[in-house]
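What follows is a short report on a single structure.
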Amino acid sequence: MRPLDVLQQSLHKRVLVEMKGGRSYRGVLDAFDQHLNLVLSSAEEVVKEVVTARPGLTLVRGDSIIYISP
Amino acid sequence: MRPLDVLQQSLHKRVLVEMKGGRSYRGVLDAFDQHLNLVLSSAEEVVKEVVTARPGLTLVRGDSIIYISP
Amino acid sequence: MRPLDVLQQSLHKRVLVEMKGGRSYRGVLDAFDQHLNLVLSSAEEVVKEVVTARPGLTLVRGDSIIYISP
Amino acid sequence: MRPLDVLQQSLHKRVLVEMKGGRSYRGVLDAFDQHLNLVLSSAEEVVKEVVTARPGLTLVRGDSIIYISP
Amino acid sequence: MRPLDVLQQSLHKRVLVEMKGGRSYRGVLDAFDQHLNLVLSSAEEVVKEVVTARPGLTLVRGDSIIYISP
Amino acid sequence: MRPLDVLQQSLHKRVLVEMKGGRSYRGVLDAFDQHLNLVLSSAEEVVKEVVTARPGLTLVRGDSIIYISP
Amino acid sequence: MRPLDVLQQSLHKRVLVEMKGGRSYRGVLDAFDQHLNLVLSSAEEVVKEVVTARPGLTLVRGDSIIYISP
């Protein structure tokens, strides 16, 4: 198994994405590429415990990501 | 679907672009490339809740972008 | 021996992963690639001495990693 | 249209270049390359609201640029 | 002589590895690659004058390294 | 004209090199490469308004450079 | 002349190496590569005006270097 295979298994499931700078997202993983750029749908963004809904498809840039977990 | 396909779907529509350093843009996505360099038209820039209009075409460098959402 | 051979030997064993920004993980190493992207299972995250369980498979991005040890 | 086409359209026109670290330039765009390295003529530099004239041709390194607008 | 030849000469000898962020390691250099990823055995980690033993093989990511000396 | 052509025109002339971190150099540009690594002769370094002469040839690493101007 | 030619001329001579983060080295340049990784012998490290001798061969990673001068 390679790390990106884990993302393949998480497709269309909810994931937690922790970002540099204290930001995180929860949303359904709709797409990813080898740079770990992600597309999330039905996402919520959390910054300093403030939750903001992000309707539609959000493209998150891979180089700001620290980890992705279910 | 690949992450850049989401940008293709957002072409000529308004997007929110969150940048590193507390800066964000709202504008119409007129172009993008594989580095996530973007061209926005009719853009507004928001820095610390101060909104500045950016008339004309603004080229935003991809490596400062955290996420792009509708 | 090459550095990645050490990761090969640690597969399916518990490792400590120290990250930039004062974050660390303990978990079972289930996968890795040449960028040091890792997959951990049964992981615990430690930030400022607060421990959070991360059930399921966690994908940790290699470029935030400082070191990996048993 | 690709993002660099916007720079092609801005050649020999005045642009605003916002840099990381709170620095910005206004000047005539005389050249650019694919790294967004720029050459500005008749440039003014603004740092913390202090304006300094930069006569001659100024080469601005692309990786410090956040955005370029008319 | 090329810089990596120095690492070749230090193989299986104790080295001091100074890291970004005020962290350093002392340990036996067991492996390295062209990115300066290192494997140390019998390592001690020093952060703010606190020494922690790191038994087993520690993989240190090259891009956090400032210098390596005997 | 390409951005590096401007450096070609500045060869053997005095330039101002503004660096990240509040450091700048004035000196004669004796060489450069495509990474914007520069060689300056008869250089003066300015850090927080303190000027230090740098006799001989100084090699400045391109990735710390913000801009180069006459 | 190319920038790395200056390093060739400095081989086996004492150089000053200024690093990011307020660290500098003085030592004899024994080797270098195209990434500006350097090997210094008989080196002294200076951090906040505290001088530490670094006997033996010190490998300094190029990406932390700001400039190298005689």
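Remarks
When the chains are written out, they are named A, B, C, D, E, F and G in that same order, and each has its own residue count from 1.
By definition in this document, contacts are C-beta pairs under 8 Å (C-beta built on N, C-alpha and C of every residue); 3 or more make two chains touch, one makes a residue touch a chain.
Small disclaimer: the values here were computed from a predicted structure and weren't measured.
Any chain touching chain B that also touches chain E would appear here, but none does.
One finds 33 Å separating the Cα centroids of chain A and chain D. Between the CA-based centres of chain C and chain E the separation comes to 18 Å, rounded to the whole angstrom.
Our note on geometry: chain B versus chain G, Cα centroid distance of 42 Å, whole angstroms. Of all residues in chain G, those touching 2 or more other chains are 63, listed in ascending order. Begin at chain E, move on to chain G, and keep following the contacts round; the order you get is E, G, F, D, B, A, C. Within the complex formed with chain D, the chain B residues making contact are 19, 21, 23, 25, 30-33, 37-39, 43, 54-61, 63-64.
Of all the residues in chain G, the ones that touch chain F in their complex are 1-7, 9, 20, 36, 62-63, 65-70.
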